[in-house]
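One structure is given below, represented as structure tokens, and several questions about it will come after.
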Amino acid sequence: MDVDQVLLEVVGEGEVASYIPALARVPADKFGIAVQTVEGDSFRAGDAEERFSIQSISKVFSLMLAMRIVTDSLWDRVGREPSGNAFNSLVQLEFERGIPRNPFINAGAIVVIDALISVLNEAKICFLEYARGLSGNESINFNDEVARSESETGYINFALANFLKAHDNIDNDLDVVLDTYFHHCSLDMSCVDLARAFLPLANNGFSTILGDAVLTRQQSRQVNSLMLTWGLYDAVGRFAYRVGLPAKSGVGGGIIAIVPNEMTIAVWGPGLDKTGNSAMGTRALEMFAQMTQRSIF
Amino acid sequence: MDVDQVLLEVVGEGEVASYIPALARVPADKFGIAVQTVEGDSFRAGDAEERFSIQSISKVFSLMLAMRIVTDSLWDRVGREPSGNAFNSLVQLEFERGIPRNPFINAGAIVVIDALISVLNEAKICFLEYARGLSGNESINFNDEVARSESETGYINFALANFLKAHDNIDNDLDVVLDTYFHHCSLDMSCVDLARAFLPLANNGFSTILGDAVLTRQQSRQVNSLMLTWGLYDAVGRFAYRVGLPAKSGVGGGIIAIVPNEMTIAVWGPGLDKTGNSAMGTRALEMFAQMTQRSIF
Amino acid sequence: MDVDQVLLEVVGEGEVASYIPALARVPADKFGIAVQTVEGDSFRAGDAEERFSIQSISKVFSLMLAMRIVTDSLWDRVGREPSGNAFNSLVQLEFERGIPRNPFINAGAIVVIDALISVLNEAKICFLEYARGLSGNESINFNDEVARSESETGYINFALANFLKAHDNIDNDLDVVLDTYFHHCSLDMSCVDLARAFLPLANNGFSTILGDAVLTRQQSRQVNSLMLTWGLYDAVGRFAYRVGLPAKSGVGGGIIAIVPNEMTIAVWGPGLDKTGNSAMGTRALEMFAQMTQRSIF
Amino acid sequence: MDVDQVLLEVVGEGEVASYIPALARVPADKFGIAVQTVEGDSFRAGDAEERFSIQSISKVFSLMLAMRIVTDSLWDRVGREPSGNAFNSLVQLEFERGIPRNPFINAGAIVVIDALISVLNEAKICFLEYARGLSGNESINFNDEVARSESETGYINFALANFLKAHDNIDNDLDVVLDTYFHHCSLDMSCVDLARAFLPLANNGFSTILGDAVLTRQQSRQVNSLMLTWGLYDAVGRFAYRVGLPAKSGVGGGIIAIVPNEMTIAVWGPGLDKTGNSAMGTRALEMFAQMTQRSIF
């Protein structure tokens, strides 16, 4: 598997997210890739060990944790269907009376976090410990500057949360819920951290790092199915068409992809295409899938 | 693999489609299942050899044929993204200015058929020959009564086609396009026919019946990815979550599912759940997936 | 009342409708204005006697006729509410399950005409006679070239009509309904004709030309209220704000405005602003209202 | 003018607003009516002197004040068009990128209040003084319990305000803007107060109480036009059709109607119909218009 070749062919492109300073100042030409196999092999190249803001990738951790500790009622509060792009966010939420279509749109992730807060004493801390445990890296942490910036400019998220509350789909204090949400999204991790932390999704729920199952086999497949049907926003169909692997992206430029029963691939390139996904990361995964002939289809 | 056990546990449920007489008079307690493996084994149970109206399942045949004979420009005229449910049909089409979100919603299938008509002299005949060839059954045929009924009551499809034309996304005569569309949907096939005809999608594009590739390996995967992200209307997320296999349903009660590299499973039960998918068929596939632990995730 | 002054200050502007040849070849610098008072005085200037395609202005005639001869059930099939602009046409119709929001959007006018056809033997002829009678001009007529062009390119209207039919809101043959609709819209009349024909709406329903009431006082007011709340598409609010008179425009560049109890004003300028209303006509009415201090508010 | 007769024929009906305690405990059988003419005559009947929560009627005061003291740029931040019903609130706001369609929907009123805050030191106090001055009643006041309840449960309004802020259409602190908004809506006034306060809108902008013009003649007409096209939510078309007078309603059960150049009519009945307007009030105004043959059309 020649990850260096992928690295060579992927050139800088796309626009770095600029809505908060901490993201805007990341150099556009950064690129890292890390692969972790279920047999324990790992590969890395480029800036694979540099930490970046994982942003929406954190929504997968939140969901994994919630599927473990929240009762099944979670799916009464959030759907499992993809969401047409022109209809995302507030519009869809209004038509569907406060039930977000899936746990990876912002409104859905906010509901998942509210559910976590209802059963955990210190949801933020528990989440951080969970991510540290999964990646086997006790030094990963929230980025307070990022969380603060998000909080100061995240009017759409405040609007979403208030709207969910108006539809009785938030149980806890709105400020606590949003503070937790912004912190989850602010987590700084490297490609290597991500590739290791998500290995259970390629391993039927078993974490080799923790030596224990963090999800059942079925739950692991379910998370993968949700990533495939709504992991890359409005590029999800094209990504499934071209790459054919469950994946989740974040606005910080990271993407984690799963090859079930084999490996995880984490890529990072801060330049985003117009669908909000890492331009280099998407191309790298496409090349990787073609070179290795990996696809779930 | 005990397909009879599946049969025993699935009881009659759901509502038979009643918008045209030919569908309405099908007994609700019919149920058939057929499995075809890439090694050449086959299993069948119940009404597996009885023909029924495949309806929207025909959209996969249309697409497969179009991917083979229409240039890449097909994807300029139709998208590859899932479609939120409350927003399907005309609404979405208007917001997106006449570009259907994917080839499996009605508007998308109409565009695919228009593209076929532009390159084929006798699109209806070619399509029929294509389906006959894939299933190795020269006796399958259109159901003229069904096609006529659809044509007489299909005002929504006429509305969609006119709207597409208004946006310059139909090249041929509307009546010809719709007549072809209604005939494709009227195809009568059995579970056994379907399981055989779709085997190339489980076999990297190779048809053992024809002894030839009908799609490239990549195209085969692409069709599977499109089925996974929009094959079961607004139940696509839940189906991916519970069953985890690419599949396509029709309002006649049929569902075809693909286990890549292994087999196809065709089920038929005319009673539909509220998402418009076969209630018995969905349950049967769920049981099958659980019993055999098959899933692409 | 110095209608010539209005004429002098209104300069050519806007874009002539170009979707059909007969409209596209009208010179953009045409401008006419005609005023008719309930006392019998009349004023005219510019191209006031030249006939043009009245297009959507015909919807008011259709409605007036329907209010006279169709039972109250008309309002079960079409609403009386304004329609937000981004949501017009098919989108709104789908959300509201086939009940057009008002009789002046295309879908609403199609329903009104369907209702007329149900009670009249020869709806087209009756309509023509009605318009001739109201204007006291036996020579006005349909423009067959315009009707044919509309019919050949009016895919959106065909889509709307099919959609209405799918929702059981059309009783007659679709082709007959649309042919009638296209003919109504194709009526050629001059400003003078229009100012005379609409005088009953300024005269509590009484036609001085016919020497008879064509509407009750209440019906006359009701038609005016519908014009005020949806006569000028998405410019209705601004027009009410600036001009303050019930009015109806057509894509041919005509606008008819009503000063209740006093007079009618018909203007014509083929150049349209981006809301689809005559640019010169709107400005002329604005100047007229300011100069004469007429407003219903 | 026999306002007592109106009173006798209007019976209790509709549902009292129950989303906050202060509104829920108002007896459903209250009913008052007050008429004030430009000549100085006044009539009153029933509970015409009892104060109630004027709620959205306050939006007219906010707008009148803003038209006086805010520059024309107000109309760059808020539209003047009616809003289709199924598409109000967040949905419409999202499609139109943060520009509310008119100053009487909640989002529009919040923008108007933000504009007032930008030019006034103490917007709440100025507004209260303005309402007191217009009605000639120094004792009218905000209802702090109502304002507090709205603030505690008004998640939709918080969502709207955050969404407006996300689109840069709020300049001031969100909490200050919403606190001001909730206070404006909490104003307690009687029918007599309202009939007197709104007299300038029937009097070309001149307040006989203040002995001064509070609006120009044109501005007065403009406010009336806005009331006619969006004063009664989704009943605006039917109300214009049946009553034919500019009017504004509030969820507290009040409605103020204007007969230009003649009089104002204020009615109050707490029971609301399904469009959110006073059921008794609407019927009373309909009877009044019929009996007196008043209509702007």
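Chains: A, B, C and D, in written order; residue numbering restarts at 1 for each.
We take it that contacts are C-beta pairs under 8 Å (C-beta built on N, C-alpha and C of every residue); 3 or more make two chains touch, one makes a residue touch a chain.
As the structure is a prediction and not an experimental result, all values here were calculated from the model.
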item: Lowest number of touching-chain links that must be crossed from chain A to chain C; value: 2
item: Per Cα centroids, the chain farthest from chain D; value: B
item: Approximate Å spacing (C-alpha centroids) for the pair chain B, chain C; value: 47
item: Computed distance of Cα centres, chain B from chain A, in Å; value: 32
item: Interface hub residues of chain B, defined as touching at least two other chains; value: 95
item: Topology of the chain contact graph, where touching chains are joined (line, ring, star, complete, other); value: ring
item: Footprint of chain B on chain C - complex, ascending; value: 89-91, 93-95, 155-156, 158-160, 162-163, 165-166
item: Chain B - residues contacting chain A, complex; value: 79-87, 92, 95-96, 101-102, 220-222, 224-226, 228-230, 234-238, 240-241, 244, 246, 260, 295-297
